[in-house]
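Here it is, the structure, as structure tokens.
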Amino acid sequence: MSVSYRKDMFWLAGLFIVLMLTPTILPNNYYLTIMILGCLHAMIAVGLCLLVGHAGQISLGHAGFYGLAAYTSAYLSTTWGLPVELSMLAGVVLTVVVSILVGMPSLKLKGHYLAMATLGFGIILSILFTETVDITGGPSGFVGIPRLSLAGFELHRDVDIFRVVAILLCLLVWLCFNVLHSRMGRALRALHTSDQAAQAMGIDVARHKLFVFVLSAGFAGLAGVLYAHYLTFIAPASFGFMFSVELMVMVVLGGMVSVPGAIIGAFFITILPELLRAFEDIEIILFGLILVVCMIFLPDGLAGGSARLWAWVKTKLALGCSRG
Amino acid sequence: MSFLTVIDFSSLLQYLITGLTLGSIYGMTALGFTIILNSTGVINFAQGEFVMLGGMMSVYFMTALGLTEPVAVVLAVLGTTVIGALVERLAIRPVRQSPAINLVIITIGVSILIRGLVMFFWGKDTHVLQSFSGDTPIMFLGAAIMPQALWVLGVSAFLLVGFKFFFSKTLHGKAMLACSFDVKAASLVGIGVERMVLLSFMISAFVGAVGGVILAPITMTSYDVGVLLGLKGFAACILGGLGNPFGAAAGGIVLGILESLGAGFISSAYKDALAFVILLILLFAKPSGLFGQKDSKRV
Amino acid sequence: MNRGKSLFLVIVLLFFCATAWAETIKIGAVVSVTGAASFLGEPQKNTLLQLQDLTNAKGGMDGRQVELIIYDDESDVNKCVMAARKLLDQDQVAVVIGPSISGNTLAITRFFSSAQVPLISCAAAEKIVFPVNPWIFNTPQLDRHAALKILQDAKVKGYTKLAILTVSDGYGQAGRAVLKELAKAQGFDLVADEVYSPKDTDMTSQLTKIKGVSPEAIICWGTNPGPAVVARNRMQLGLTIPLYMSHGVASDKFIELAGEAAEGLVLPAGRLTAVDQVPDDHPQKTVITDYVANYSQKFNAPISSFGGYAHDAFLLVHEAVTKGGSANPEDIRDNLEKISALPGTSGIYSYSPDNHNGLDEDAFIMVIIENGTWKVVP
């Protein structure tokens, strides 16, 4: 195994330990709620990181996949009374199937055109969530979704849900690292630089792009079903165009190519508004300002920034030691 | 009910007129996108905010400073242009070398910031601006045309002709066009690329503000009108084919008419979905928009 | 000052702080101060802050000072969930007022039954209070009552063919559902059922389509600015079909936005909208007059009935705490259910174990807009 793979695995182990210890240091459910939402956002962000950062394809439609899975699982478990585990599986599977159907024609498009196609798809879905009132409950939301359960046991406590979500996040990150360190990962980097060059090297560009697109949609789908059964309520407003944009912000702010960065970005964007709550009406101004300042001063994102900070601390420490 | 029973000539005309007015608005926003895109390769997510600023500043100058509408409107357009310049100077120029996606995220941040500032200082209320020449509709073959709609159409047409002249006849226009083809080559022949980028932000803020001002009497204005207009403008831009100002304007009109006909004949609930479905089908059939050129990229 | 004296002072101070802290009643609120529903949340926040000051100046509730903790949910479900969790877990409030919108209310009701803390919502959806959840109450008039008032008026005027034009958000969805149900039940012929998006800026297409099926009246259901656009488009198209609005636009802002096009429109509204025309002997007269006077004195903003929903929620808490003599969450809940014939700004509240809305259609009056102002339809 390569050095960088081992490094990634160390990072993953660190993430796992931190997440498992988190509930013991959090004073109450309020913080747990933030952490659960952070984990869900991080799930989508790592998938998007693969798509945007490594395959070089933009998507502004992932909120749609997130919502599609959430609504499917909510509908099957609530209206049809299917077991929660089965509905969740169906939600993810449907999302994967739809993403294949959407991805095949869309991924032939490039750059801004692809952004528009995925954006349009996301908007169409969000209109469907709003207008098919008989199925989705319409704009005021889908109520009475059963709580997440595993093997027939309902998870009443938020702590249990957090553990499930955190473990799943770690699994997805593990999957990402393995994809990146496989032949696939190298192929993706090649096609990020140039489609044509990759094609000339004998890489099946279309298939690789589609694979990553579907993988990231599947991640969003998993996050979506977990979200629906954690909150037990969903509304179309959570799956709109703005959330797709927010997801992109998480990835780019994280540093785009870095999986840990995407996770940091997701938690940052989830937690920041809560930290700024005390500022009331100027919260949104500060949020915009912080976003701009971060992007200006950390061109390689939070991941790059923290790496540089760490390097700086290390040299300072080394200096201090050598002097001492 | 089949739509054949509903269809009659004056209704159809009314839908077309409505669509044309809406479409000009989208087209103008799209024009702003195109200008910045051409000089920087960046989709400026704050474009909708320029449109909003045009309307909201006019309202502010009229209510808080007691200016008359014409003066307020001119000041608002100038003010927005200055803000466009500030955005370029403060948020874009320091990071010109970053990848385009970083710049896009910065424009998202800027749009949130501008919206937040307007909300904080000028409030969350919706405001209305007086129509420039009254509210008496002109009846034409059974369809009503608002005088303000004529203003919208006239000003859009005027701006388009102006741009045609600017890009083909003036030195600055040609220089900007050169930047859009190849930044490096442009700077090699002595074009101040940085100045051109600044100029492009000012021009698109100007176009946005003009759009916002002539729109406000029809659509009313508030701190958050920019989001939807930005979205539709972007769609219009893509529909027309990126980089082509006339394509952008045409894309806007097509989008507006699609929406209006969709609401009239099919379903008002799904009119936006319908417009986007058609947009997607078009994109799949013609991947570089209606009027875009197929670009060949060297490896 | 010697050490003994200062120590004594510190102890006394601490004692006072401790007693003051022990005695305050913590009331939580989560409203949409920003975002799409800020037109609801902003007056609600202002109203609550003012009521806190007024109540504390008069000696508080049941002799205890009130500490209000208000969070903004930015009209966003996730933010609302987090705010509710914070109020319950971190701040441990005795009762919560809000949220401003139905979707957010439905998203957080589950927390309140498990935390056993009462929630008094400022949103109107029927799903909030039917079926009754023991811990959830709401203060606004029901959409059903507004729809009944409109249809009553239409019946009197002899209209049989109706068209509806509703906004595709939670408010419009609820209105559309009750209008369709009640119009059918009362034998009206619904010839058009059109919708528009909350951010739409032109409804000419919908109105042209409605014109094609020639209804005798149009009912528009939405909140500003959409209905103002509808009114203006109607005038621009030269339509003479009578237009009803919903109580969602019963504020002076609507008249300002719609201008001349508002003339002659009829809508159901709470008595707050036409406070000067409420007869002096009406039980709501004092409470509305006081609220309007206080609010317009402190905030340089026109009064809206939405702020009134929060006002009434606070009033109900005040009543429950004072009458019951306890600020325990369970006691507040029990005592809320005992409230009967309490006049508020939106109507006269009578809660019971199987009615957590407490208003009836008498909470509405029909008003017509004439010469840029509201006039009660007798």
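Assorted remarks:
When the chains are written out, they are named A, B and C in that same order, and each has its own residue count from 1.
The definition used in the following text is that contacts are C-beta pairs under 8 Å (C-beta built on N, C-alpha and C of every residue); 3 or more make two chains touch, one makes a residue touch a chain.
This is a predicted model, so every value here is computed, not measured.
Separation of subunit B from subunit C in touch steps, taking the shortest path, is 1. Of all chain pairs in this entry, the one linked by the most C-beta contacts is A-B.
Taking each chain's centre as the mean of its C-alpha atoms, subunit A lies 36 Å from subunit C. We define each chain's centre as the mean of its Cα atoms; on that basis subunit A and subunit B are separated by 31 Å. Residue positions 34, 168, 195 of subunit C are each in touch with at least two other chains.
Residues of subunit B found to touch two or more other chains are 119, 227, 269, 272.
Touching of two or more other chains is recorded for residues 131, 281, 284 of subunit A. Residues 37, 43, 45, 91, 94-95, 98, 101-102, 104-106, 108-117, 119-120, 227, 231, 234-235, 238, 242, 269-270, 272-273, 276-277, 279-280, 283-284, 287-289, 297, 299 of subunit B touch subunit A in their complex.
Against subunit A, in their complex, subunit C makes its touches with residues 33-34, 71-72, 74-79, 81-83, 85-86, 88-90, 102-103, 106-107, 110, 125, 127, 168-170, 172-174, 177, 195. Against subunit B, in their complex, subunit A makes its touches with residues 52, 58, 105-106, 108-110, 112-113, 115-117, 119-121, 123-124, 127-128, 131, 194, 196-197, 200, 241-242, 245, 248-249, 252-253, 256, 281-282, 284-285, 287-289, 291-292, 295-296, 299. Those residues of subunit A that touch subunit C in the complex are listed here as 27-30, 33-34, 37, 130-131, 133, 138-141, 143, 231-235, 237-238, 273-274, 277, 280-281, 283-284.
Residue ranges of subunit C in contact with subunit B, taken from their complex: 34, 36, 38-39, 42, 168, 194-197, 199, 201-202, 204-206, 208-209, 211-213, 224-225, 228-229, 235-238, 253, 256-257, 259-260.
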